[in-house]
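Below you'll find a set of structures to go through.
Shared between the two complexes below is chain A, which has chain B as its partner in the first and chain C in the second.
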Partner chain A sequence: MKNWIGAFSVIDFISVGILITAVAMNALRRLESCVKAYTLNSWLLSSLIAIVAFMMGETHLYIASFVTLLSKGILIPMFLRRIVKQIKVTHDVDPYISNALSLTISGILVAVVYTSLKEGIFVAGFSKNVLQISIAVIFIGLFIMITRKKAITQVIGLLFMENGLFLAGFSLTFGMPTVIELGVLFDMLMGVIILGIFTIQIRRAFASADLDKLTILKG
Partner chain B sequence: MQYFQFLIIIILSPLIQGTIKKLKANMQGRVGPGIFQPYYDLIRLLKKDMVISNVTSWIFKATPYIVFTSTVAASMIVPVITTESPFDVMGDVIALIYIFALGIFFMALASLDAATAFGGEGSSREMTVAILVEPMMMLSIFTAAISAGSTNISRIAGSGLIFSPSHVLALTAFLVAIIAETGRIPVDNPDTHLELTMIHEGMVLEYSGRYLALMEWAHYMKQMLLFTIAFDIFFPIGIANNVEISGLAMSSGIYILKMLFMAVLMALIESTRAKMRFFQLPSILGGAFVMALLSVLTYIMMGK
Partner chain C sequence: MDPESYLYIGILFFLLGAVISLLPLPKVKNYTYILSSTGALSFALLSLHLLFATPRNLFSAQISSLFNLAFSGDAISGFFVLTISILTFAVSIYSIGYIRDLKNKGLMGFLFNIFILSMYAVVLSGNIITFLISWETMSIVSYFLVTFDREGKSAKAGLIYAVMTHIGTAFIIILFFLLYRYTGSMNFSDMKNLSSQIPENLRNLVFVFSIIGFGTKAGIIPLHTWLPKAHPAAPSNISALMSGVMIKTGIYGFIRISMDVLGQGPEWWGIAVIVIGAASSILGVMYALMEHDLKRLLAYHSVENIGIILLGLGASMMFKSNGLYTLSAIALIAGFYHTINHAVFKGLLFLGAGSVMHATHTKNMEDMGGLLKSMPYTGLFFLIGSISICALPPFNGFVSEWLTYQSLLLGFKSPSITSKIISPLGGAALALTGALAAACFVKAFGISFLGMPRNKHAENAKESSLSMIIGMGILAFSCLLFGIFPGMVLTVLQPVSFMLTGLYGTPYQQGSLLGISETFSTISPMAILITLIVMSFATIIFISSIGGKRKIVYGDSWDCGIPALTPRMQYTATAFTKPIRMIFKRIYLPRRELKVSYLVKPFFVKSIEYKGEITPFFDRYIYEPVIVFIHRIAERVKLLQSGSLHLYLAYILITLILLLIFGT
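For the complex of A and B:
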């Protein structure tokens, strides 16, 4: 089994999959597909941790993998789907920049990250490429946050950033202590719930989930 | 024997087209024309007289020959059933892509030459797609070229199968490029003459008789060539490295299976997808371009 994982470079495939789901966020316009991309990203993250746990024989990582799957793979997407349904917006209309341009810029971001972190200085033992990919995911999440108008897409950008941070921490230290990880995940869950409620309130007050409309408040 | 492997593409390419059409018809619950129908069409067209608009210049008359011969030249470079390809000194992958570009360039000129509205429309659309597809094709081939250490297509095919994330990404981008280049759904609809949707058909609309036969045949050949290149570069399993009869027989059988697989894949995509709006194309082609870019980057980073 271990030989099989090594021979088919499963870890590389999963980490590239994490990157691709983040890049694909830039091409998606339907909010439901954005949530799906995030769900897939979290599942890949969870399975990566599980596979590393299996390869390295670190049993405590199984817990991290399971908690990730439960919170990021199931609970948060479920909640996001409910928000999408409630605010009755299916399309993330008129973003600041076009699809093709945002895809290209995210490609350039990946290139910048790869070239500036060319030599994996921090090697955690299972793969020397995961750190670059995780930093790229953080940047793409940030980019999604600054280019989208809808509050809900910005939340998804934040969640991508968090996935990237989690992966970065994991690749450097084999996972933080379980208590801290649980704390971060709980924080995340609460954050998403609060932001979701905010989104619904914004939608109710302005009849739109568009954050640009918030400037109307100015007397 | 290895001197004649390009004839396989010239002779069998209409058969691939017929197979795709038949499979597509079956998937949609129709009977469809037989798989030899493209041959009958070509023979019928070759027998017919031509109608040529009297405003056209020599470009219109030269284009069918240029398109046909450039495609034949391209098929000589590509190893079909053996990597012992004697003509591969003629050019590499980059030359191959520009030989294709030469054909597209003259087709666009010829369709403008006839001075009809549809011709101009078709050529403008085709050039837009070609501009988006070319860098994507280059980048995805570069991934394989870097790992094989050569841009020579026989050398790449001879270096064996490499299974890595970057190659999978490059293959995905290359498949999108094939769909765009061969004018299939979701980029172009090959079965329609509706002015709103046609790209390739708009370019050859003014041609008739022998010239149309040459253009269509070149199009079939290009399609089969692109399938062959995809397998040569990304999945060179079963292609013979020598010119012994047993090896060639084996590799011919595998080659037929590979082509059949591509035909099924194309028919499946065409039956399940809807044609995209033209102005949405940059987003799907841009996505594939970024994927090709990521494949090169990932290759450089991971070293595999």
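For the complex of A and C:
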């Protein structure tokens, strides 16, 4: 019954989906779409965990999958949407470099990751590609943080990185103990709330949600 | 009672004092200092236990696998606990009156108690981690006390103090790490037993680091730069504690590591300590002479006295490596004797300076004068402190400096030619120091207490409150006591000497006679006192019997025919020290500017402007270049820190990619 998972390479498909949603961030122009990309990314992550749980018959992974869906797939996106609404001036992403260049560099990043991790690390035993993809997602998340001006895009970049990290940890260790995962998720939730508040405060203090303005804080 | 209970009772008193000081009850707050003086008594009893019993562990609690909070005591700790206790007792009583005019009394009482407790913790620490925690607590609390007044100057002094003390701590941490690495133990007592496993080169390194690390706290030249800035900035009761005992914790650390843990070292260790001691004592007293700020003057004298203590300790180390154990024990006793003496008389002098400042609202001696009439007790006690620090009989400074001289002069017995040369040179340095110190205190006492008041405040000065007088009185009495009954102090010092040199090292004592060998020379402080008293009475009787009946006529001072004497005609502190400034101009590098403007040249002078200063050699030629250099590097490095968040993130990305490429 579980053969279809291997036969259709479901796990690889889903993880490629995760990568594509991350790469797509580079091409999106509106903040709302970015939030959507992140939501999709989280759902894919959650379903990946669920499928691995099904394949391996690990009950505690179902919990992880469910909690991921709840927090990263529903709560955090809801919160992000509210922040985006509060930033009224413009909903443009407003990157430093053009989308084309940004896509190219992301592609190069993925290539670098794949060449460096050619061998792959086959620990948990469900896929060869997940580790590379997860690291690529981390890099792309970081890259988005670098090239976007708005504070809110920093938060989304950070969330992508976290999803990547989660995936990396998952592919290597087969899921951390539930307590730790819950802790990390709670941290994330708090982090997003705090960063969201910061974003709004930055906007209030500098009349702009751009982070370049923070340079004047330097002594 | 066993020693542990004294420890707990003492700690309880200090903690209670700290806590009630923070309570918003003005009446209760006054008991803070009574509690701390009682706590000091309890610790004094503990110290006697530690001195005359075998080393013991007082308290131990395993907090984590690496960190064991342990306090233990032996004769060395006992001696330092005793020193701290004596001074704390007097300063606590003094503080009752002194803090009345302070703002923020509650905070003061809190920090005061914690500060003293942390000093006790330093000298009672049983292992390196406990030591470091206590040491840092002491440094941080004293930093807050230095900046207590919150004036512009004290903030800067506090900064310099914090930086210097942390540089010192860095060296201490490194040396502890080395010791731990090669002995595998964190306990001082185990380290001592295993210290022979340390390779020779590393022993030398540990020694050098202990001089730098602990010397920074003790204030040896050229690491003294914070001392004359920080001590005057603190309130006077704190200055007394800092100068009297806090810098001694540096001496304690040095003794603990270099003399106790490392044991006997090569000859050059002792010589290095003697050289540093000689330099500190001479330069310390020289810079003190040029100061007109009463508290800065005293702070420079702390540098000098630390130098004298190190002369004794260095001589002891040198004699020990040359095999002259008896002499080594005597030199050690001289050093320790001076440690307790300096705590007492420097505490007294700082308290005196505090009373004077309290009354005149200035630290500048050139604004004082004539205070002896309005503040007779403070004047008397300050005079006693001055005589002690100048090492004149019958007070305590004399005995310890005399012992130091004697042991240095006996260095000719040493088999090694270097130490034969070095030790009399150390003696000569000490002699010069003594003479200059005497000149300095003639100035300090003469300018501030004698003559005519130089301004309104000095004229309207009032004697300090009773508790302040009692506080100073206790210390003045101790000065006399330690001066005429050296046997009392020597009893306390013998266990210390036994622990470090294996000999009781009793200087030759017979009746009231004190000497370092039967054949060399002996003194009897008691006899000197009696002679002094008898001679002065004899002189009075002699003069009155020869001169017959005298009539006392009161008249004005001779004023060269000028209508009235004004305070401006008095000798000033600057003028008083001019000859010395000229003699040592190679060291002081004095600069003077004279601007004269004339109505008709050259007969009618309109105004004269005179500016004179000495070059602060160490600040200008050692510290300033270093600071400039660090600033220059910091400017370069600042480019990396542009303030742009995106750039910082880019650094992370680049690092990650490089790690990924080259790490796999």
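Please note the rule applied: the second predicted complex is superposed on the first by the 208 of 219 C-alpha atoms of A that agree within 3 Å, B and C clash if a C-alpha of one lies under 4 Å from a C-alpha of the other, contacts with A are read in each partner's own complex, and residues count from 1 in each chain.
Keep in mind that, in the parts below, contacts are C-beta pairs under 8 Å (C-beta built on N, C-alpha and C of every residue); 3 or more make two chains touch, one makes a residue touch a chain.
Keep in mind that this is a model prediction, so the values were computed, not measured.
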item: Chain C versus chain B on the shared chain A, clash or fit after superposition; value: fit
item: First (chain B), second (chain C), both or neither touched by A:Q154; value: second
item: Which of chain B and chain C A:V112 touches, first, second, both or neither; value: second
item: Touching partner for A:I146 - first (chain B), second (chain C), both, neither; value: second
item: Chain B versus chain C as contact partner of A:M56, first or second or both or neither; value: neither
item: Which superposed partner A:D12 touches (first chain B, second chain C, both, neither); value: first
item: Touching partner for A:T215 - first (chain B), second (chain C), both, neither; value: second
item: Which superposed partner A:M78 touches (first chain B, second chain C, both, neither); value: neither
item: Touched partner set for A:I197, first chain B, second chain C, both or neither; value: neither
item: Minimum C-alpha spacing, chains overlaid - chain B and chain C, in Å; value: 17
item: Common interface residues of chain A - those touching chain B in one complex and chain C in the other; value: none
item: Chain A residues within the chain B interface of the complex; value: 8-9, 12-13, 15-16, 19-20, 23-24, 27, 98-100, 103-104, 106-107, 110-111, 114, 118, 129, 132
item: Touching residues (chain side chain A, partner chain C) in the complex; value: 96, 109, 112-113, 116-117, 135, 138-139, 142-143, 145-147, 149, 154, 211-212, 214-218
item: Residue numbers on chain B that touch chain A, as the complex places them; value: 163-166, 168-169, 282-283, 286-287, 289-291, 293-294, 297-298, 300-302, 304
item: Residue ranges of chain C touching chain A (in the complex, touch as defined); value: 641-646, 649-650, 652-653, 656-657, 660-661, 664
